[in-house]
Amino acid sequence: MQASARFALVIVVTYLGLLAVTFFIGRVIPVDPALAVVGDRAPEHVLQRVREEMGLNLPLPQQFVRYVGRALQGDFGNSVLTSNPVWDDIRKTFPATLELATCGIIIGAGFGVPLGVWAAVRRGGLADHAVRVMALVGYSVPIFWLGLMALVLFYAKLGWVAGPGRIDVAYEFSVQRVTGIMLLDTAMAGEWDAFRSALSHLVLPAALLGYFSLAYISRMTRSFMLNELAQEYIVAARAKGLSETRIIWRHALRNALVPLVTVIALSYAGLLEGSVLTETVFAWPGLGLYITHSLQNADMNAVLGGTIVVGTVFIGLNLLSDALYRVLDPRTRDTRRGTGS
Amino acid sequence: MSNPARLPLLSVQDLRVAYPAREGGMTEVVRGVSFTLGRERLGIVGESGSGKSQTGRAIVGLTAPGGVVSAAQLRFGDVDLLRCAPEQRQALRGGRIAMVLQDPKYSLNPVMAIGAQIAETLQAHQPCRAAQARRQVLEALAAVGIEDPARVMKLYPHEVSGGMGQRAMIAMMLIASPELLIADEPTSALDVTVQLQVLGILDRLVAERGMGLIFISHDLRLVSSFCDRVLVMYAGRVVEEIAATELHRAQHPYTQGLLNCLPQLGASRHPLPTLDRKPEWAL
Amino acid sequence: MNTQPAPLRQVSQAASSWRAWLMSDRPQSRRQAALGRWYAGWRSFAANRLALVGLGIVGALVLVALLAPLLSPYAPTVGELGQRLLPPSGSHWLGTDDQGRDILSRLIHGSRITLFVVVLVAVLAAPIGLLVGTASGYAGGWVDAVLMRITDIFLAFPRLILALAFVAALGPGIENAVIAIAITSWPPYARIARAETLTIRQADYISAVKLLGASPLRIVLRHVMPLCVPSVIVRVTLDMAGIILTAAGLGFLGLGAQPPMPEWGAMIAAGRAYVLDQWWVAAAPGAAIFIVSLGFNLLGDGLRDALDPKASQ
Amino acid sequence: MNPLAFTRRALARAAAAALTAGLAAFVLPAVAATPKDTVVVALAFDDIISLDPAEAFEISAGELMGNAYDRLIRYDVNDPSKLLPDLAKGWKVSDDGKTYSFELKPGLKFASGNPLTAEDVVFSLQRAVLLDKTPAFILTQFGLSKVNVKDKVKQTGPLTLTMETDKPYAPTLVYNCLTANVASIVDKKLLMSKEAVKDGVGDMGYAWLKTNFAGSGPMKIREWRANEIVALERNDNYWGTKAKPARVIYRHIKESATQRLLLQKGDADIARNLTPQDLDALAADNNIQTTATPKGTVYYFSLNQKNPTLAKPEVREAFKWLVDYDAIGKTLIKNIGVVHQNFLPVGLLGASKDNPYKLDVARARALLAKAGVGNGFKVTIDMRTVQPVQGITEAMQQTFKQAGIELEILPGDGKQTLTKYRARTHDIYIGSWGADYWDPHTNADTFARNPNNADDAKSKPLAWRNAWDIPELTRQADAAALERDGAKRARMYQELQAEFRKNSPFVMIYQQTEVAAYRKNLTGLKIGPTSDSTYLFNVSKQ
């Protein structure tokens, strides 16, 4: 009870912090937000009028109060750049990022964990080095460059996958967007051609993001596994005559999963911030691109909206990983059923 | 002494265990240990680092990666442990040779219910239905003197006391009814009162099931009171082998040293005897 | 890595006796113990070939940065439009860029910027993280609460966005990029330092120091922080690649480095327009970034295995 | 939970992911070739902020307006000096040159189906003035204001209307201004039905129209998804010949390389933002053709006269001798621009083609010495990080150096540099200026007019932004705007440009040529000289 109250407080504080930081950024950026609205050619009086409408002439504290006040009422206003309510924009852009990030993390975790386990089991062996190098390469390549190269190869030269964008123009309007997640929408509509098109647009960027999170996840898996494999209960398990497979997957990994969920959750959060660079290269209309573009034009309403979403995602995933932590590790469940003897 | 008519349960000739040294080359931690074991209680005593645990693990086949085990002979009943395939070694482990480890706090898997861990041993050696397994687990827990097995089964290691944990450990190791049990300091992590209970249980089960037991400990008194025969190890060698009842006649100064360190009721405690070590013993 | 302490020279006859001395498990002096520890660390580190490769790469980077003027065949910022976008050749090993500048020379000089960025960010961010982390970990209570909230806020904020914002706010210039990256990259260190502190705080010798009446400040600075340093160092080394990439990303988005500065990220950004035909313009700096960050990663990885008992063992 | 199952699941997911990846890789063909009735355009349109013709003033938005909204008159894309009727059947100006009257074609309809009458035209013009958004000045410069517009623009019959100006301007100027987007005709009935009233004041459908459509042009704007897609659809109620494509879809693609890939794969029919290199490469591809048109956009850099050094006439001239126009023309702007040293882009009335300046370091040095800064100085330039501007700036940085001028480049995003520029806090600014409407006055107005150089001036033309105080030129420019004799007017602009070339703090570099690359199976694509005259509705596809 009291814990949950403290937790609520924490969240409130975090949000206020996000608000403050965003506001601060919006004011320190040497861009006149009004200029973003009226453009280069605007006569002075138009610019001034807009500045007043945006309350840019008020003293800063007053501006901040207004800003927070509106935000607290959930009114993030309209985006200057898209003329839409910020929430509408986010409802359009976030699913795009969500789709990409989710596929990315599935690939990343789905391959990263087994690879990490493999490396740990074959510690110092060829497999270990192979996985290590592969992962470190993942850490080390500039993604925008790799992305473009991948496009050239798989899209332009080989024609295995579809190019930039989320779906072929042919289907752009045939499928109506319910969730905004193309794979779901197309599947729900039963438009399998559209589904295939969406999928083949998704594969490349998702694989790329997947690879990058794979790099991190496999490394962490490895070190967690090494840690577990050194434990006494592994010796016990061997003494019981269990097969290595069972010892590794059921005993060691099962324990390693406990810290691993946090790692995975966090890299998922990382992907959900939206990778500006990937989204640029693949013309993917996602959150990262939205926030960056808004930021560069001092469209602070949009930036705030985006930031709040990212912040929420971050907090949410932290909660989720805590919850999973409890599920996975009985020691964290505070049930004292035990007795001595 | 075991009955010579039957071939010994375990015979070890010139067992050596070596590990790669930080400074290149190999260092031997067990240096030519030999003994044979029937269906009896053998104690191995020595300070930490004397190689007693390594001897035990080498027999079970749990020498840590990097370690090299060699011996003139290492046979368990009719099986030549040196030459048999890893699979067979694995089948033996927990099946015919079991090992109880020191501290249940670490030797039980923290995220698995105790019952599941015990059942696992059984399943690994004599596949059987879940219900069947459950029944056997309950029996095993009861056998180690746990009143309400049904409840304990569902508990996780962190939820039980050390004593109960160690009993569970024993149950886990005995459920596949092995012929040889190696107990590596099974009680030194427990508080004294509990120690005796656990030893009692161990004693009973070994007797009932006619198992061979290798009891590894640093506590000479404990061993002498509990075993038929005692190997005294120092620096990787057996310095003395002696029947528990003959201990007071021990020849080797090291053994005597160990004995003198044991406080005797009535006798004055001053000056406190100290254990002296002579390098030549290690030769 | 030289493990021979000057004052004790006379002891040394042969290297082997040195090794013995270093690895004796009964060190005579604190120094011997410390050196012994380092030596052991170094041995397990050196056992990892990949880590040595990493060390080699980083070493090479430093060397190149130092000798840049001697190594580079041309001036990094002077070019001629007539000579632009030449493919790799005898006279221009890596070809020329869109301004007709020799790419190799730019890469070589760029190494200085990269090094500058990496080192400076590390030097700025790590201490901040250490200070915040240890302080909040040791003090606990509301200090902890406040500091950790702040950390969380920074963590919850999209990182590149934050960096972008700060660069935009601070104006162009590599130094500002460095500051921006530093500001965005301290929170993880704070987290680590805090975690370590929480465990260290319980240690008996800390209470001992307390009994001796040391001030909290002194305890944190002298007794807690030093113990957190290794794990933070490891983390920093592992992050350096990330730092390089972030800097490159900023350069790629047109922030940070000012033309004609041969900053690698900016070079990729410039080469991006020619990536399909004059691929080498972007590929060369791309490869450079790749190799260097790979180097840092291998190094950090090795360090972790060597220093961090959890990961190794 | 069963941990083994968990990890199995992880593996299963891995397998699944791998499978789908593989599937996509091999089963799926690269789904090339867009639908026959749809023209797909790859274009960077992140500049669009509104679809309301009274407000939209960005390049990409302009193109949409041109395709989706009608005006009274348009100019001939093939010869901009000729005017063509659009909605208006006829037009004339009174003898005193202050009253313009128009007569509409009969039976016009909006896309909505509503009839289009003089009422809508009057409403549209008045609305633009009353809303007073950025482009409103194109109309207000003729003396229209919020106060008087209701009587200055009047409906005189169901199909006739008149517009009064405060001075007898050159009719071509007035007409040309009426071809601009801001003079587009909007659907009064529809807009008023969408009007949002805030504290008693109606917004004339402004809020709604920002993201919607109320026009009568050949195409309808179906949807605008910012930074993703814009969809135009054939307007079947169009009064004239119906649009050729049923659908035109713009996809927002920022990278030239990406646009090129899409075009070559056939996933786009037209690519609009290609770099010189990509254009060169495409020349080899025989599925691809290109079309080019000189635009009304000129690139320049300007010296802030608030900086005492840059204010010296010799220094101003020196800079003009320190740009390697030749090399830049051959490389950085090859295919996408031609060197041009006058503020009027070629194609506008009276535009001069003289380009006297070339790279001459010696001469520049002499001038600098004369100005007393012979041993050089340091100066900063604010630059957008976009090509070719950045390339040109870096090239200049090198040539300047030869004359001892240290040029520090301050890269920044567009809005950032602009904020500084408008505050007159820069040293040197490099940028571009596009004609707002097809008349010389549009550029004269900003380059050669500075009615008030005070910091709090009402209008802030480029001359003001560089604190260039020019009462004399301003007078000449105003006179030219009023000159009704075309030939005479042309001459006046010639003189303006001559003076400007010599003494202005503006170094004009080049005039943009817009190039579009398109697939062979397209016909009828022509890039218009202004952003609002690229007509996609004429494009057909086999």
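Each chain gets a letter, A, B, C and D, in the order it is written, and its residues are counted from 1.
In the analysis below, a contact is a pair of C-beta atoms (placed from the backbone, for glycine too) under 8 Å apart; a residue touches a chain by one contact, two chains touch by 3 or more.
What you see is a predicted model, and the numbers here were worked out from it, not measured in a lab.
> Quick one: point me to the chain whose Cα centre is farthest from that of chain D.
The most distant chain relative to chain D turns out to be B.
> Give me the two chains with the most inter-chain contact pairs.
So the pair of chains linked by the most contacts is A-D.
> Comparing chain centres built from Cα atoms against the global Cα centre, which chain wins on proximity?
Chain closest to the assembly's C-alpha mean: A.
> So, what's the distance in Å between the C-alpha centres of chain C and chain B?
Here the centre of chain C sits 49 Å away from the centre of chain B.
> Please compute the C-alpha centroid of chain A, do the same for chain C, then give the distance between them in whole Å.
Measuring from centre to centre gives 25 Å for this pair.
> Using mean CA coordinates as chain centres, what's the chain B-chain D distance in Å?
One centre to the other, that is 88 Å.
> Hey, what residues on chain C touch two or more of the other chains?
Residues 168, 171, 272, 275-276.
> Could you pull out the residues of chain B that touch at least 2 other chains?
111
> Among the residues of chain D, which ones contact at least 2 other chains?
Counting only residues that touch two or more other chains, chain D contributes 3, 255, 257, 261, 413, 416.
> Using the touch definition from the top, list the residues of chain D that touch chain C in their complex.
255-257, 260-261, 275, 277-278, 280-281, 324, 327-328, 330-332, 385, 387, 390-391, 393-395, 397-398, 408-413, 416
> Considering the complex alone, what residue numbers of chain A touch chain D?
So the residues of chain A in touch with chain D come to 29-32, 35-46, 49, 79-84, 89, 92, 103, 106-107, 109-111, 113-114, 148, 151-152, 154-156, 159-165, 168-170, 172-173, 196-197, 199-200, 202-203, 207, 210, 249-250, 253-254, 257, 280-281, 283, 285, 289-290, 293, 296-298, 327-328.
> Which residues of chain C touch chain D once you look at their complex with the stated criterion?
77-79, 81-82, 84-85, 98-99, 168, 171-172, 254-255, 258-260, 269-270, 272-278
> Spell out the part of chain D that touches chain A in their complex, as residue ranges.
1, 3-4, 6-7, 10-11, 13-18, 20-21, 23-32, 34-35, 38, 40, 46, 49-51, 57-58, 132-137, 210-211, 222-223, 225-229, 231, 249, 251-255, 257-258, 261-262, 264-265, 267, 413, 415-416, 418-420, 422, 436, 457-460
> If you look only at chain C, which of its residues touch chain A in the complex?
Residues 50, 149-150, 152-153, 155-162, 164-166, 168-169, 171, 241-242, 245, 248-249, 252-253, 265, 268, 272, 275-276, 282-283, 286, 289-291, 293-294, 297-298, 301, 304, 310-313 of chain C touch chain A in their complex.
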